Every structure is written in structure tokens, then in C-alpha cells.
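Pasting a structure below so you can have a look.
Labels for the chains are A, B, C and D, by order of writing; each one numbers its residues from 1.
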Amino acid sequence: MFIVVNLKAYDCDPIAVATAVGDVADDTTARLAVAPQPTDIAAVADHGVETWAQHVDSIDSGSHTGHVRPRSVANAGATGTLLNHSERRRTLAEIDGAISRADDVGLETIVCANNPAQISAVSALSPTAVAVEPPELIGSGTPVSQADPEIVREAVAGATAIDESVSVLCGAGISSGDDVAAASELGSDGVLLASGVALADDPARALNGLVAGVHD
Amino acid sequence: MFIVVNLKAYDCDPIAVATAVGDVADDTTARLAVAPQPTDIAAVADHGVETWAQHVDSIDSGSHTGHVRPRSVANAGATGTLLNHSERRRTLAEIDGAISRADDVGLETIVCANNPAQISAVSALSPTAVAVEPPELIGSGTPVSQADPEIVREAVAGATAIDESVSVLCGAGISSGDDVAAASELGSDGVLLASGVALADDPARALNGLVAGVHD
Amino acid sequence: MFIVVNLKAYDCDPIAVATAVGDVADDTTARLAVAPQPTDIAAVADHGVETWAQHVDSIDSGSHTGHVRPRSVANAGATGTLLNHSERRRTLAEIDGAISRADDVGLETIVCANNPAQISAVSALSPTAVAVEPPELIGSGTPVSQADPEIVREAVAGATAIDESVSVLCGAGISSGDDVAAASELGSDGVLLASGVALADDPARALNGLVAGVHD
Amino acid sequence: MFIVVNLKAYDCDPIAVATAVGDVADDTTARLAVAPQPTDIAAVADHGVETWAQHVDSIDSGSHTGHVRPRSVANAGATGTLLNHSERRRTLAEIDGAISRADDVGLETIVCANNPAQISAVSALSPTAVAVEPPELIGSGTPVSQADPEIVREAVAGATAIDESVSVLCGAGISSGDDVAAASELGSDGVLLASGVALADDPARALNGLVAGVHD
């Protein structure tokens, strides 16, 4: 299982979360990563944990003031990037272009989408992975695997039918090891989560709870 | 073959084009439609020709000042709507939502996309049709069927693999009956065109040239 | 006083509202207008009442599929257009361009903004009028003239300091003649309203209530 | 004079430019700053030169995946941020909000705009500074001070009339000390430039040429 901790624009210490991720990563077979603000990518990556961007633009070099350049993100030490999170929806053309630009510089991609139909759609663009996150469940505390397990099953089936090499994550409301285990049983290859770890009093403890749900 | 004449924001008389479309439609097996400005949908539809919107928003009723309501478009007499034209790209979530809202009110949908991968993507959202239009050929005078026939073949194959019920149109640079015939031979079910008819001195003559390429 | 009834994307009959506006307009010194969906501009204008667009794009003629052309709006019979409503915020450059394109075709402009500072900003772009609408009060039933009269006073002072020829409207929560009278006393030249008339069981009665607050 | 070197998404070494800026800054009365990609802000600031962001979003803490948080930019060591660059235009409401959020965390702001009317508009939002950059001159090699000196004079007059405390920079096409001197003589308090330094074979030499135009 791949567990990505999205720090969003939270008022949290990215290095403290990175430290927790590093500690827990040593004792689990799960793959763990942190997605901080772009300003913090280099520091988090230097800390020795897998680091992801929350977004990159569909650009390479050039006159693109205020856009996030995939190559700069890669140079800062990121392994991959989220794309089209429901808080940062992009046009279809931009998603397509950003996947290509990320590929060019060796960044993996997780493209988020709202429902199984959109998951099938983005799977056709050859990302590394897709993540289904019903917007109404984000931050709800109710895991998608419990609120609507069929969404996860359909997303997995849809993505696989389009491109077997695309991994499928699920997100929204995941906060416990049971949620992670349920996501895995529904066919998901990983989970996206955010406040449950990023804003936890003890991020390492929260992560330990989550990885307890990971079975080889 | 389905021939859609997109009037964009051209300085043309929509009723004159509609008259030409009506005249030519009487003598061809091809299906012809006009996509005028939203302000002109009712007048064009009242003129007795098939009328399409150029865009609708992913909304139904409510507080959406300045957005184009699918139901108002349908009430004005439109049969369908273009979506995600390269001059009006939308987020994936908006394309998905607009298809659903259009379905709700009985509007057909043609979702435009730039390349075969994006055509596969939008085909997963269950539109009525998709249209592949390489942005670099729009308005170029060089038809996609000639500049890059493989794009049309791949778009047809990709869309069909996802959903056999989705029609595939192609656009960009189409101006003659030969272009229409070539598009048809490549597997396309129709063409999108714009300035070649909308800005022609004699739109009926331009259309007659185009439908000469339609073979049953 | 200028009273603009914004029909948004409401599920209402634009001709029924137009009829009510026409009836009431005959018996008041207030200036009344209706802002329907773009598809309904021609029908409402043909009905003989002053008609406004809810939005136009910063374009003139050309390849702008899915955008609303100011000249088409004017040709359909509109007198003016709202711009930058809080439900359709535009970039500063687009607001500036749309005002110019509207001017070119003889459309008046009312540019909406959220607070007095933004009202001063848009007043510098030489629109016909500005409208201050605190987003949190839109649809609240509490008029801005009551919830925060200082916002209206500051908007009037700010706009006038920048350009004395710019009229100032206020909006959000206005539903009675008292609200209109209060808006006028605070220095406002008109009001924007929406559901209070558009969704009223009896729009003419709602309008009569509003114009009762207009004193020469 | 304030000289801001915008690194855009250029394929350049931000530390090499920062080194040049640091060297030149020691020998001039001009204030020099570098605006790198967000991923490079911390490294450039740690290098000891004044560092600016190219963009921040109108957010503080919270669920804003993929947005650039002003506080994170400040924490990384930035002094200020560009806003509304013509390559990253924002809505009026977002510019207003981003200035406030930047103020909250002690970031200075330079709001870009296309013409004097827009400069007056953004000056009403109380930024630290404004920058007038005619889009058609960006990257042209022809300085605005030469192509259209009246634009700079009008921008200075317009901004000052609205808020005397707002500084006025100009940009687009500036590449020599003469251009900087001309900008200063037209009343400008600084210049924005990009490729002339960022992509120079010898950035220090390019900067020395520019600061030669600065007279106390």
C-alpha cells in the first residue's frame, strides 16, 4: 500500500510530519510519502522521506511566471506530483499536458478525480496512478471505503479496464488502519490522506495506526 | 455524416447561415446543424434548422449569474451542445457535470478534445459524441484528415474501445467535400467546421461543396 | 433609482417577469431592467422592457467558441451588461477589456465587487456603474443597507472620489421598499436584486413593494 | 531604484543568479531582489539575497491543495510576492484577498497590471507597489520607457492620485542601464525584468549594466 500524506496549506510543521513519516516508514512494508507546500519540498526531501508535489503546471521552461515547473519540483527532490485534486481542478488538456511534462522529468503522477467515470477518463491519459476522492467526503471523517465502497470497486475496475498498469488509490475520510485495510480489500493500491496525520497531535502515532491496516 | 457549423463569435449573420443550412439540408442525407451565439439560439431554431449551443455550464437552476443554463438552451430550441472546445476548455469535473446536466434536459453533447488520449478520456464520460480537433490545425486551412490522418483513426479506435455508442467527429481545417469524404473514410461520423461556412461569401455554396463529399 | 432584476439561472419564466417589470415600470419614476439568461435576451427585449446581460466576455469578433460576444448581446436588444458578479468573477484584465468591448457596441456596464476597496478599483476602469454586493449577504434576506450601511457609504464615497460619473448600486439581500429607500439614503443610485422578484409568486407585487421605496 | 529579477520558469540556475545579485548588490544603492520558482525560495533566501515569490494564493491555512500559501512563502524567507503577473492573471477578488493575506504575514506585494487604468485600479487595493507591464512588450527587447513612455508617466500619476504610498515599477523589455535611467526619469521607483538577467551568459555583468543606470 502507498500512503500519501497531503499537507495541503495546513498550519503544520512539514519537517515534524516528515520525521514521523520517516520513523514509521522504517518499520512497515507500506510505501509512505509526504506532499508539502512547494516551498517545503526541498527541505522535506532532504530529510530523507519520499516527497511529492501537490500540483505542477503543464509547462516546461519558459515565460510562465507564477506557475509550478515540473523540473523545478523534480530538482528539489520530489518523486511525483498530485494532479487535479478537487481543490485544484484543471482542464482536461492541462491534466494531459502536466502528465507528459511530469513524465519528461521523471516525476510519477497521481491524478485525482471525483467519481468512477472520471477515474476511467483520467486513466486514459496514462498517469502512474489515479485517486478517487468523492468531494463530499473530503475532511468528513467518514471513509469512502465505508460510505460508498462501490465507488472504490468501480474506480478500480474502470481504471484497470482502461490501463492495467495504472494504480488506484482512494481518499477522503480515511483515518484508521481499518479504513486502510478496507481500501486494500476493495482493490485499492493506496490511500491519500491529509488532516488525520498532518494535524494530528502525534503524527507518528496516527501513521502507526494507519499502517497497522496494511497487510502484505 | 453530421456536419456542425460553429459560428463562434464571428461577425456573421446567423440567420443567413441558417437559411443556407436549411436549403442544403433539404437535398442531402447528411445531418446539418448550426451552433450560434447563445443570444441567437432561439432565432436560429425558430428558423427551422437544427441548432446547437457552443457551450453550457455544469449547472441546473440556481444562483449562477453569468453562466449558461442547459435548460434555457434546450428551451430556446437547441438540440445539443458542444463542450470543452479548445477555445473554451473546462475542468474534467465540469465536463462530466455538464454532460449530466445536458442529459437531464435532453441535450445531446459533443465533447471536443485535442488528441486521441483525451478523446479516450472524454469517451469515458458517456457523451453523445466526441470531436478530435488538433488545436494547431484550427483555422489553418489544412484538414486534420490530411495533415495527420492517424489522429482521426486513433481517435475513432480509442473512443470505440471505451464506448461503442459514442460517435466520433473530427474538426480543424475542413473546407471541402474531399475533406469530408476523407474524414468519413477514416471512420469519423461527422465534422466540425467554422469559418469555411460561417465566413463564406456564399454559405450555401460552401455547404454544397462539403455535402458533395458525403456518401451514404 | 435603477432597479435591476437578475434572473441568474433561476427556474423562472423570463417573460412573466418581464411582463411584471413592464407593468410596474409604467407607474414609477424608477428605471427598471431585467437580466435574463443570454438565450432569453432577445425575447425579453422584444417584450419591451429594458434588458441586460448577466455577463459578456472581453472579445469582439473572432474565434471565441463558447464565449458571449458583446455585439451579439447588443444586437439581441440588450442595453447593458453586468460584469464580475460574485458568481462570475473575472480577472482584472478581463473586466477592463469587457468594459471596453461593451463601450464599443454601446452597452452600459455595471461592474460588481465585494467591498469598498474593490469598488474603488473597478471605478478606475470607467464603467457606467458599479455595484457593491458583499458575497455573504447574497440571498441572505438581510439587506446590505441594514447589515452594514457603512459598506454602501464607503462604496459611494470611494467610487465618487475616483470618477464622479460612475453610478453606484448596491445589492445583496434587498427585498422591500424600505431596503430600496435605505439604499437611496445611503447614496446609492440603484439596487441589484434577484430571487426576491424572480422567484416571487407575484413578481409585479414584489416590484410594486420595491418601487414604493423610491422617492424622487 | 528597486530591481526585481523574475526567474519565471526559465531553465536557469537560481543560485547562480542569486550569487550575481548578491555580488552586484554590495556595490550599488539600488535594491535588488530575485523571484525564483517557489521550490527555490528557501535556497535563494538562504543565499543571502532578497527573495520574492512570483505568486501567492488568496488563502491562509486550510484545505487548499496545490495552492501557494503566503505564510509558507514567508517562512521560506521571502520578503514579498508578485501578484497578477500577465502570465498569472487573477480575479479582482483574488488580488484583493492575496494582498490582505500577504499583509497578514508581512510579505510586501507588487501587483502587475497591463495599462494605466488597471494600475489605478490595483492601487486602490493598497498593495506595496504596482508594476505596469504592457503584455505586448514583455520579452520584446524594446523597453516600455522607450516604446511608450506615456504609459509609465500615466501609471505613476494614476497610482499616486489613488494612494501616494504605493510605489510604481515598470517592466517589459528593460535590458540596459539606459532603460533603467529612463524608467527612473519617468517617475518609476523600480523595474521588473526577467530574461535579460536570468538567461544572460553572465548575470552579474547584465546586472552591472542595469545598475549603472541608477542615480541617487
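By our rule, contacts are C-beta pairs under 8 Å (C-beta built on N, C-alpha and C of every residue); 3 or more make two chains touch, one makes a residue touch a chain.
The model shown is predicted, which means the values in this text are computed figures rather than measured ones.
Novice: Chains in contact with chain A and with chain B: which ones?
Specialist: The common neighbours do not exist; no chain touches both.
Novice: If every chain is reduced to the average of its C-alpha atoms, which one ends up farthest from chain D?
Specialist: Most remote chain from chain D, centroid-wise, comes out as B.
Novice: Could you work out how far the Cα centre of chain A sits from that of chain D, in whole Å?
Specialist: From the centre of chain A to the centre of chain D is 33 Å.
Novice: Taking each chain's centre as the mean position of its Cα atoms, how many Å separate chain B from chain D?
Specialist: Measuring from centre to centre gives 43 Å for this pair.
Novice: How many angstrom lie between the centres of chain C and chain D, each centre taken as the mean Cα position?
Specialist: Chain centres of chain C and chain D, defined by C-alpha means, are spaced 36 Å apart.
Novice: Any chance you could list the residues of chain C touching two or more other chains?
Specialist: 86
Novice: Classify the inter-chain contact topology: is it line, ring, star, complete, or other?
Specialist: Contact map by chain: ring.
Novice: Which two-chain combinations touch?
Specialist: A-B, A-D, B-C, C-D
Novice: Show me the residue ranges of chain A that touch chain D in the complex, using the header's touch definition.
Specialist: Residues in contact with chain D: 6, 8-11, 37-43, 54-55, 57, 59-69, 71-73, 75-76, 82, 85-88, 138-139, 194-195.
Novice: Name, in rising order, each residue of chain C that touches chain D in their complex.
Specialist: It comes out as residues 84, 86, 89-96, 113-115, 117-118, 120-126, 158, 162.
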